[in-house]
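Got some structures for you, see below.
Same chain, two partners: chain A is paired with chain B first, then with chain C.
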Partner chain A sequence: MTEKFDAIVVGAGMAGNAATYTMAKRGLKVLQLERGEYPGSKNVQGAILYAAQVEKLIPNFREDAPLERHLIEQRFWMMNENSHTGLHYRSDEFNEEKPNRYTIVRSQFDRWFSKEIQAAGALVLTETTVTELIKDQKGRVIGVRTDRADGEVLADVVVLAEGVNGLLGTRAGLRERPKRENVALAVKEMHFLPRETIEARFNLKGDEGAVIEAAGTISRGMAGMGFIYTNRESISIGLGCLVSDFARVQIAPYELLEGFKKHPSVAPLLEGSEVKEYAGHLIPEGGYRAVPQLCGDGWVVAGDAAQLNNAVHREGSNLALASGQMAGETIAELKANGVAPTARNLGLYKTRLMESFVMKDLKKYKDVPGLLHHNTQNFFLTYPQLVAKAMENFVRVDGTPKLEKEKRTWKDVVSARSLGGIVGDAVKMARAWR
Partner chain B sequence: MTTEPEVRVEDKLYQNRYRVDSGRSHIVVKPHDTPSPELLALVKVCPAHCYTLNDQGRVEVAHDGCMECGTCRVLAEGTGDLTWTYPRGGYGVLFKFG
Partner chain C sequence: MHIVVCIKQVPDSAQIRVHPVTNTIMRQGVPTIINPYDLFAIEEALRLRDKHGGLVTILTMGPPMAEESLRKALTFGADRAVLLTDRFFAGSDTLATSFALATAVKKIGEVFEPVDIVFTGKQTIDGDTAQVGPGIAKRLRLEQLTYVAGVTGLDLAGRTIEVERRAEGGVQALKTSLPCLITMLEGTNEIRRGSMPDALRAARAEIVTWSAKDAGIEDVTRCGLRGSPTVVKRVFAPTPRSEKAKFVEVPKDAAKPGDKGALAEALVESIFAHHPSLEADITTLARGY
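Showing the complex of A and B:
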């Protein structure tokens, strides 16, 4: 006799954990399946955690969740080969009693989260790969098949929180495989240093943290970003570019990462560090237009698997937590009201997403991904080089009259990209942002 | 301009923890005589350098260092160049930090 659950959650990432926790807390009989050795062992993130969304699930999470540093400073760097032009925002306001955002180390955070889930009553089964969704004759999803012996499990609803590279939904014909222009490949390294060294290099005290987001020639004309995040005793450094651009330009991702690490603005921050891990992962970047069908008879999809990532604000895990929670709430409510989890009734999950910041934000930026596909070279190569040149002209004192210097800067600008082109890009960007 | 020394990705992967399912590759490249542009791109683009061009001019995959990112699936599953499944439960890359 096959055991039956109220819900099966596939995946123990942020979306799956939020959904499992929400349903278990409401008394549902939930099974969570994870293919990794432990929850978190297949998960990769920068990683910045936004507190508000976690607080909604676990109000006092700060008391025992493994958090690295609360962020008080954000730096944006526009880079050319040997310089960066920066915009830094630092505020003591972020040294608040309940800080707004933290750096985390995913495998540690996810293991903590999983303990909370198990304490809430859910059954978590690791080292179990779900190979297939089980459908009934009418095409309704009624369970999953796993790679364990007698590996069939049935449930009223299956939550697909299988991540950006989720196979099940695609295999079952519920959504398409991500398109190359809608995902970025990011590579990342963990660099360990004594905490005092990190604090001195980044101008931090105690558990304060700083993050750097960088763009420019480091991505060699591809649409991409680099990041440097301070953890307590390590620095996460990584870089991601669209897979379509990688396929076009054919640069090895690790060579790109080495270039970023060797940049004269970056190398001193990492000097003497010990590297303990190298990771690669995809990031959903397609935005609103790439979001697939979100639910059907007996199933919902949440988090990265549903392409829910606000790439402009780097909110992948935030949207995963929010969508997982909304999926869990919807399923729990249907169950409590004795309503069948049909496509129509589960549509409430989609309605909730549409009415929340999740889809509202994605909609706001719906044109940004397309813009970056078409003007890649200008945004990631030409403009950063122009800005660097202009800044150098401005700060270098060498006896040249300033008027002449300004003329030279202006000439650089129009020869690299016509005035019409620049104005056009600015207008398009403003429109996409609006 | 100085030429950069070649980056050895093997040194990077050496830091990682894996439980390799020996003899059971979760990625299988379809037999071919001439590799497609997608397969050729993977030789460069795979972040773990799992893909290599052999002496016969065909693209081969070695799954040992795979980080299961899915880049090759996104590029070359749709063209029919490869099949991609997850490793068996508990196998494959096991991120210590993520």
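Showing the complex of A and C:
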């Protein structure tokens, strides 16, 4: 006999977990299906956790969630071959009672989250891959088919939180596969070091943590960024660039990461470490314009699968949490009011997303991805090199009169990129940012 | 027919690291799995049940988190799971473990159905002793079949069982009477993927949880550290190899892009450049043929 649930959630990442938890807490009969061995086992995120969004779901999560370090310092690096020009923001304000951002190890955090979900009453099945959506004659989604024997399960609503590639939704024709200029391929390694070493190298104490976001010649002219996160006893280092750029430039991602690791600004941070994990994953980068249809008859889509990622602010997991929660709330409300989960009624989920920071932020930056993608060479190669040259000119003391130095810097700038080009880029950037 | 399969939750030894400085085993964050050898025992038991009817009970002794392994065993299609957990069991060696498990098997036979066959894996990957299975058999006076590759015949009416046992120099075809204990050899079958109804049932199942007292153990001094004469004198890591892996960079102009043959040649040359003796060694070796 095929069992029926109020809702089936596909995926146990941030979006799926938020949706499952929300619905289970409101008394719905929920089944969550995850293809990995355990929730988080397939996860590759860096990872930074934004506390505010977790707090909305589990207010006292800090008491027992596995958190690595709370972040007190953010560094932005613009890199050329042998230098970086940095902007650092460090504040003791972040040593607050309830810190704002943490580094986490997703395989541990997601497992903890899943325990909370099961305690809330949801049924979680791992090592179960959903292969297909089951539709009725009218095309409404009424359940899922899995890779297990007798693997059909029915539900009023299916929440698709299947991740960036979204094979299930694309196969069912609910949306297109993400275009390669709208996804980045990121590779990451976990470098283990004694915690004292990490604290000394990053100027930290106790559970304080720091983050470095880096851009410039490390991406060899591709649109992309590198990151370095401090965990308690490890450093996550990674780098991601647009898939379309990888295809154009023909550099293997691991080569890029090797280059980043060997950079004279980075190598001393990693020295003597032991690499335990390496992984690669896609990140949605298309922004507002790449967001697909968000709901239909009997289904909603949340998180990476809905391409909800703020590439400018490097926020993804909190958009996933927020969208999952809103999807869960919408479904629970429809159920409580005895309203059928049709495309129209589930539209409430879309309305909520539009009114929240999720879509507002994505809308704000809707033109940034396009700009960076079309002017890649300038933003990721030319400008970083100019900045490095200018800084060197400014800092190096060699008996040249300052006025001459400034002239030289200016000459470098105009010869690398016409004045009109720079002004144009600045105006475009300002407009896209607005 | 009632089969009890004894399993153990073990750290995934493939993922254990030894702390480079303190030489201690770093267990933190290491995932736990069902002892891989036990999976062959579970599958063999399920096959017997599917063919002859009856029930399969999974038994484990361990901390409360060992419940995860039991639930997983239920996902494969086992009928019942019993968790033996008590602080008295902490620090058990194979003597104390086989005592506790044997007592629990006896209790399972009394509380549920009489036990016809007990299965275990041939050994665990964390202890590697292969002593617990035989220890249980001895205590319960069960016929003992170790390193079994498969059950070839079962006559429930006649109370006999036939198995193939892999021994040095050949395969032994053995026949004995029930009840018996079988320790299963690896690579003899493949654990099934449980069906959706089994998986759902497993996710909801109540795991029977017994303390030492519940299991019928009266003398707790025979359990855990107190009941364990084995003493671990020292734990140490093998000395790390002095030669570490090295990145060999092939000069950019050594090969045209896409010319794999030239690239391989350049690579071999740069390896020889790093290890001057290697080329001579290989040449000498090649001359020998």
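Note that in this section the second predicted complex is superposed on the first by the 434 of 434 C-alpha atoms of A that agree within 3 Å, B and C clash if a C-alpha of one lies under 4 Å from a C-alpha of the other, contacts with A are read in each partner's own complex, and residues count from 1 in each chain.
We take it that contacts are C-beta pairs under 8 Å (C-beta built on N, C-alpha and C of every residue); 3 or more make two chains touch, one makes a residue touch a chain.
Quantities reported herein were computed from a predicted structural model and do not represent experimental measurements.
S.K.: Name the contact category of A:47: first (chain B only), second (chain C only), both, or neither.
M.R.: It touches chain B, and chain C stays clear.
S.K.: Where does A:69 make contact in the superposed view: on chain B (first), on chain C (second), on both, or on neither?
M.R.: Touch status of A:69: no partner.
S.K.: For A:165, select first, second, both or neither according to whether it touches chain B, chain C, the two together, or no partner.
M.R.: first
S.K.: Regarding the shared-chain residue A:148, is it in contact with chain B (first), chain C (second), both, or neither?
M.R.: A:148 sits against chain B and chain C alike.
S.K.: Looking at A:246, would you say it contacts chain B, chain C, both, or neither? Reply first, second, both or neither.
M.R.: first
S.K.: In the overlay, answer first, second, both or neither for which of chain B and chain C A:25 touches.
M.R.: In the superposition, A:25 contacts neither chain B nor chain C.
S.K.: Counting only touches as set out at the top, which of chain B and chain C does A:3 meet: first, second, both, neither?
M.R.: Touch partner of A:3: chain C, not chain B.
S.K.: Which of the two partners, first being chain B and second being chain C, lies in contact with A:124: first, second, both, or neither?
M.R.: A:124: touches chain C, not chain B.
S.K.: Per the contact definition in the header, classify A:278: touching chain B only (first), chain C only (second), both, or neither.
M.R.: Once the two structures are laid over each other on A, A:278 reaches chain B alone.
S.K.: Give the label of whichever partner, chain B or chain C, reaches more residues of chain A.
M.R.: Chain A has more residues touched by B than by the other partner.
S.K.: Quick check on my understanding: which residues of chain A belong to both its chain B contact set and its chain C contact set?
M.R.: On chain A, the residues that contact chain B in one structure and chain C in the other are 37-38, 105, 107-108, 127-128, 146-148, 258, 276.
S.K.: Along chain A, where are the residues that touch chain B in the complex?
M.R.: Residues of chain A touching chain B: 35-38, 40-45, 47, 105-108, 110, 126-129, 131, 146-148, 164-165, 167, 177-180, 183, 185, 187, 189-190, 234, 243, 246-247, 250-255, 258-259, 262, 275-282.
S.K.: Quick check: in the complex, which residue numbers of chain B touch chain A?
M.R.: Residue list for chain B touching chain A: 4, 7, 9, 12-13, 15-16, 19, 38, 41, 44-45, 47-49, 67-71, 73-75, 77-78, 84-90, 92-98.
S.K.: Over in the complex, which chain A residues touch chain C? Could you list them?
M.R.: Residue list for chain A touching chain C: 3, 31, 37-38, 105, 107-108, 123-125, 127-128, 146-153, 192, 194, 258, 274, 276.
S.K.: Tell me, which parts of chain C touch chain A in their complex?
M.R.: Interface residues on the chain C side: 17, 20-21, 29, 31, 75, 193-197, 199-200, 203-204, 247.
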